[in-house]
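After this come two complexes, each holding chain A, first together with chain B and then together with chain C.
Showing the complex of A and B:
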C-alpha cells in the first residue's frame, strides 16, 4: 500500500467513528506493529466479571429457586416464581407501567429533544446560552429533580398556581395524588430532565448536515419537511439510534424519580419493575421473586434494544 | 440564508420562551431555598428578604459535609480506576484482530444489555459476605466494574480511528506495547477520556439505589442518600429541603457552568458515533 493510500485510509478512519478495518489493513496491522499483549484486558475483565457477569449469572440462577436471601436453604422450584409473577396483579401492573413509561419517554423526550436541537442549530443569537440552559437539568441528581417536581406538583404547588394565574383552573390536578395521572407526571419530570440530553446528541449529528446540499434543495423548492426528511434525517441516523437506545434502556430501568416522587403509589399505580424488585428483595424479604422480575426486565431490555438497533441499524444508523 | 430575518426573530422568541420555561424549575429551587419559612409569597415571586439560615440548617441536620466528602471519595477513585482499566483494555480490543479479541469485545458489550437490577441482589450478598457493607470502598469496586462496558465501548471506537503510523514510529524507535500505550495512544485519545470522565462522574455522583443499599445504616452516606433520608424527616419544610438540594447539586452545577463548552462537546463527541 502506498503512503498516499495509507493516508486516505487514515483519513477515512478518522472520519468514521467506529470503522471496521478492511481486510488489507488488518493483515498490514498484524505484520507491522506486532500484537498488543492480551493481558492489557485483565484488570478490566476482573472487575467486570466480579461486578457484572458473575452476579448476573447467579441472579439468573436464583430466579429458579425459592431463596429468601438469608437462609442457607435454597430449593430449585423451576418456573414457579415466573408463574407467581403472571398471577400477581401488582407484578403484571408493574410490567405494564414500565413499558408505558419507556415508550412515552422514548417518544416524547426524543421528539422534544429533536425540536430543541433544530431550534438551537440555527442563526438565532441566543443559541449558545440556550444550549447551556437546556442541558442543565441533565446534570442534576435525579433524586433532587424528583423532589423539586414533587413540590411543583403538589396541589397548591407552582404548576397549579401558574395554571390558576392564566385562568386555566380547570386543568389543575393533584398531579401525583391522582392514580390516573401520577405515572404521566413522573414521565413529564423525566422528559424535562433529559430532553436536553437528547438535544445535545442530536446537535452533534446536525453538525454533519451539509449546508450546501440544504441550500441547493431549498433552491430546488423543497419545503422544510422534505428538506428534513431527505437531507437532515440520513445524517442524524446514528444520533437517532443512540438516543433511542439510551431512552429505552433508561425508561425500562427507571427507579430514582419514581421512588422519590411516589414510591410506587398512590396504591400501586406507579410501581415499576425496578421499584417492585427493590420492594420484594429488600423490604418483603422475597429475594428470588425480586430476581425473577429482574430477569424478565433483562429480557425486555435485551429484546427492545436489539430490535430497535436491528430496525434502525439497517437504515445506515450504524455507518 | 445567512441573514437574520423576521423568521429567525420569531424562532428566537419561541426558543427563548422555551428556554425560560425549562429553566423555571431551577429558578424556583434556588429562589425558595433563599426564602424564610414564613414567607408566604408565591414560589415564582423573587425573594425579597434573603436568608441563608436554611442552608446552615440543612448542612448540619443532613450531615451534608460528610456526604459531600464520601461522594467525592467514591467519585474520584472509581472514575480513576474506570479510565485506567478501560483505556488499557480497549487498546488490544481495538488493535488485535484475532478471534479472542472479537469475542472479548462482544462479552464486554453484553454488559451494556444486562440491567444492573439482575446483578444487584447477588452482588449485595457477596459484598455482605466480604464485610464491605457500609464501607464506601464497596461502591468504588462496584462502579469500577459496572462502568467498564460503556467506557471500553467508547475507548475502543476511538482507538480504532487513530492512524497506526504513530505506533509504528514508536515501535521502530524501540517502544514496547506498554510504552506505546502510555506515550502514544493515551495522549492521542484525550478527547474521549474527557467524555468518559464526564459521563462517569455524572453517573457515580448522581447514583442513588446502590449507595442506598450498600451504605444503609452507616454514617457514611453519599449525597443522594443523605438527601433522601433528610427529606424523609423534613418532608413538608420545603425551604429547608430546597436548601439541601441546592447544596448537593452545587458542586456539579458549578463544574458544569465553568466547563459547559467542554462538557457538552465532550459528551456529544463520545456519543454521536
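Showing the complex of A and C:
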C-alpha cells in the first residue's frame, strides 16, 4: 500500500462514524490513556520543536528584514514588507485568485466526490473496480498530473481533438493560453485528481449509515432526496468536515499544478499566493518579501480552516 | 479551543510556515579543505553536452583529477545554488549569468562576496568590449564567459525553399513574408509564448536596431535616470510585436504553445521559422528530418537594411566559489575553459560562438551570420544583463503575455517595466 493510500485509509477511518462506547469500554480506555506516561511524547516533541518549529520561527523573522536570500548583511525594516504587500497590485490579484481557486475546488471537488461516493456505494457489480479507478488519480504526483493535463489542453491537444470529433468545435479553446479561462482549467485539473480522494472519505462515512434507519425512513415514505437530507447527511457530517478542511487548505496552498501548467500566466491571470511567494523568494531574489507573503498565507490558512471547522462543529459536523 | 481544532490549526500553521524555513547565512565551512584532486561543478541542464566534452578533455590533460558535476533545470539551479552558496556547501565552480538582472548573475553573486576575484588571470582583459563589462563588478573580474550567444530568426531553409520564400531583410518585407507564408498554409514565426522566457525574444531581437544601436548609451541613461522604457523606442518594439500578431505572423494560439512545441513545428516544416537563441539550432536539428538546412538570421526592425543589428552577448559563463574546497583546481579548470582549445570545444558542442573570436574556431554554417555581426560590432548585449534587478525581466515576460492577450498596450506594458526597474535601482 502506498503512503497516499495509507493516508487515505487513515483519513477514511477517522471520517467513519464512531459507534458509542459502552461504559466498560469507556472506563478501560480512560484508564489506559491515563496510565500512559507523559514523557512518551518528548522525543517527538523535541524533534518537532527543533526540526520544524524553531527553524520556521527563525525563518519567519526574516520577514521583518530586507535580506535578499544571499547577502551576509540584513537590516531590520519592521513591517515594511507587509506594507509592500498591501500596495502590490500583483499581490492583491494573487490573493483573489487564491480565494477563487480554494472556493471552486472546495465546492466542485466535494460535490463530485459526494456524487461519486453515492454512485459507488450502490450495489452495482463493478463498484470495486470503479472505486479503484476513481481513486487512482489521487496517487499520481501533482506535478505529473500538471504535465499530463498541460499536454492534453494544448491548442492541438486531445481535448480539442475530441471536441472536434464530436462536432463540438465551438467549444474548442486555448485552455491554458486564454487568460479568461486558464484559472478554471487548472481548477478542473485539481478536481479531476482529487474528487476520488473526497469520494473515499465520503464512502467511509456512507458505510457507517445504519441500514435499519434507512429502511425505516423508506417505509415511512421518505423519497431518495429526503432520505439523503435527513438520514444520510447528518451521519456524513464528520466526513464533510474533513473533506472541506482538506480541500480548503489544499486550494489555498496550491502551487505544483499552477506552476507546471501556466507558471502564473498568461500575464498574471493564474498567479496565486504560492506562485508569488516562489517568484519573489527565488526568481526576484526578494526573499524577505516572499517570507512576508508566506506568513500572510499562513494566517489565511489558519483563519479560514479554523473558521470552517468551528462553523461545521456548531452544526454537528464533528464528533 | 477544542483539541481537534487546535491540532488542525497547528498542522496548518506548521505546513505554511514550512515555506519560511528556507533561510541561512554566509559560512566559510569547508573552504579550502579539499583534496586538490576532486573538482565539483554545477550548471544548468542546457550546458550538459558541452560540459561532458570539456570535462573529458580536462581530465585527459590532468591525470588523477576527477570532476564531479551536476546539472539541473534553470529554476531549480538558481534556487539550489543560491542556498548552497549562502550555507557554504556550493560546488567549487558555479554557472553564473553575465552582468545583472538575475538572482544568479555575476554582479548579484559577486556583490554578496561569493565569487573569487579572477582579475589576475591572463584572460581577464582579453574579452571584447561587449563582454568584458558583464564579467565584472566594481571593476574586478568575477566570472569567465566561454561562449557568445545570439538571438535571431532560425529559418527552416528546406521548408522555405519548398514554399518558394526567402528570409526578409526589411520590416516591410517581414510583414509581406508573414502574408505569403500564411497564403502557403505555413506559420511565418512560430511563437511558444506559454514558456515565460520565450516572450522576451522578439523585443530582444528588435531593440538592437530600434534602441541600442542608435543610442549605445541607453543602458547608462537608464541607470542615470535620464531615460525610461516608456519614453524610448521600446514602445516601437512592442508595437511592432503587436503588429506582427495582427499581420498573422504567428500561429493561432501563441499563449497556449510552449518552447518545445514551437521548435517541433519548425522542425516539421509546419512553421518556417522561430525567433530564438542560437541553442535552438541544435535542438531543431535533432528533431528535423536528416538533411534539413537551418539558418539563423537577424530580425529586421526597419526598412534600412544597413541599420539592422542583432542581440548578441556573453553566453555560458562560470565563476569560482570564493569558499571553494579546491580553489586552485577550480581556477585551473576555468583557465582551461578560457583557453582557445577549451572555449572552441565548448562553443562547438553547444552550437554557439566562442566568447573571444579566434581563427581556429570552425563555425556552424547556420551561425555564420551571427559570427559576422559579432566580428562587425553589430550586436548589442541581451538587455537584462544591464538591468538592476530580476524583477524587470520577469515583468517583461508578464506584460508581453498580457500584450498578446490584448490585456494591455505597449505604453501600459512599458510603464510596468519602468516601475520594476526603479524598484531595484
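Please note the rule applied: the second predicted complex is superposed on the first by the 279 of 319 C-alpha atoms of A that agree within 3 Å, B and C clash if a C-alpha of one lies under 4 Å from a C-alpha of the other, contacts with A are read in each partner's own complex, and residues count from 1 in each chain.
Definition applied: a residue touches a chain if its C-beta (ideal position, glycine included) is under 8 Å from a C-beta of that chain, and two chains touch if they have at least 3 such contacts.
Nothing here was measured: the structure is a model prediction, and the numbers come from that model.
Shared-chain residue A:144: touches chain B; no touch with chain C. In the superposed model, A:71 makes contact with chain C only, not with chain B. Looking at the shared chain after the overlay, A:302 reaches both chain B and chain C. Touch criterion not met for A:221: it reaches neither chain B nor chain C.
In the superposition on chain A, contact of A:135 is made with chain B only, not with chain C.
After superposition on the shared chain, chain A has more residues touched by B, the comparison being chain B against chain C.
By the touch criterion defined above, A:175 lies against chain C but remains apart from chain B after alignment on the C-alpha atoms of chain A. By the touch criterion defined above, A:267 reaches chain C but does not reach chain B. Contacts of A:192 after superposition: chain B is touched, whereas chain C is not reached. In the superposed model, A:52 makes contact with both chain B and chain C. Residues 52-53, 55-56, 58-60, 62, 69, 249, 253, 274, 277, 281-282, 287, 291, 294-295, 297-298, 301-302, 305-306 of chain A contact both chain B in one complex and chain C in the other.
By the touch criterion stated above, chain A contacts chain C in their complex at residues 52-53, 55-60, 62-63, 68-72, 150, 153-155, 174-179, 245, 249, 253, 262-269, 274, 277, 279, 281-287, 291, 294-295, 297-298, 301-302, 305-306, 309-310, 313, 318. The touching residues of chain B, when paired with chain A in their complex, are 1-4, 8, 11-12, 14-16, 18-19, 22-23, 25-26, 28-29, 32, 42-44, 81, 84-86, 88-89, 91-93, 95-98, 100-101, 104, 107-108, 110-111, 113-123, 125-126, 141-142, 144-146, 148-149, 152, 156-158, 160-165, 167-168, 171, 177, 181, 202, 205-206, 208-209, 213, 223-224, 227-228, 231, 238, 241-242, 245, 248-249, 252-253, 256-257, 260, 263-264, 267-269, 271-273. Taken in their complex, chain A has these residues touching chain B: 6, 9-10, 13-14, 16-19, 21, 26, 28-30, 32-38, 40-41, 43-45, 47-56, 58-60, 62, 69, 116, 119-120, 122-127, 129-137, 139-145, 147-149, 151-152, 157-158, 161-162, 192, 195-196, 200-201, 203-205, 215, 218, 238-239, 242, 249, 252-253, 255-256, 259-260, 273-274, 277-278, 281-282, 287, 290-291, 294-295, 297-298, 301-302, 305-306.
Put simply, chain C touches chain A in their complex at residues 2, 4-5, 8-9, 12-23, 25-26, 75, 78-79, 82, 85-86, 103, 108-109, 111-114, 193-194, 196, 252-258, 261, 389-391, 394, 397-399, 401-402, 404-405, 407-408.
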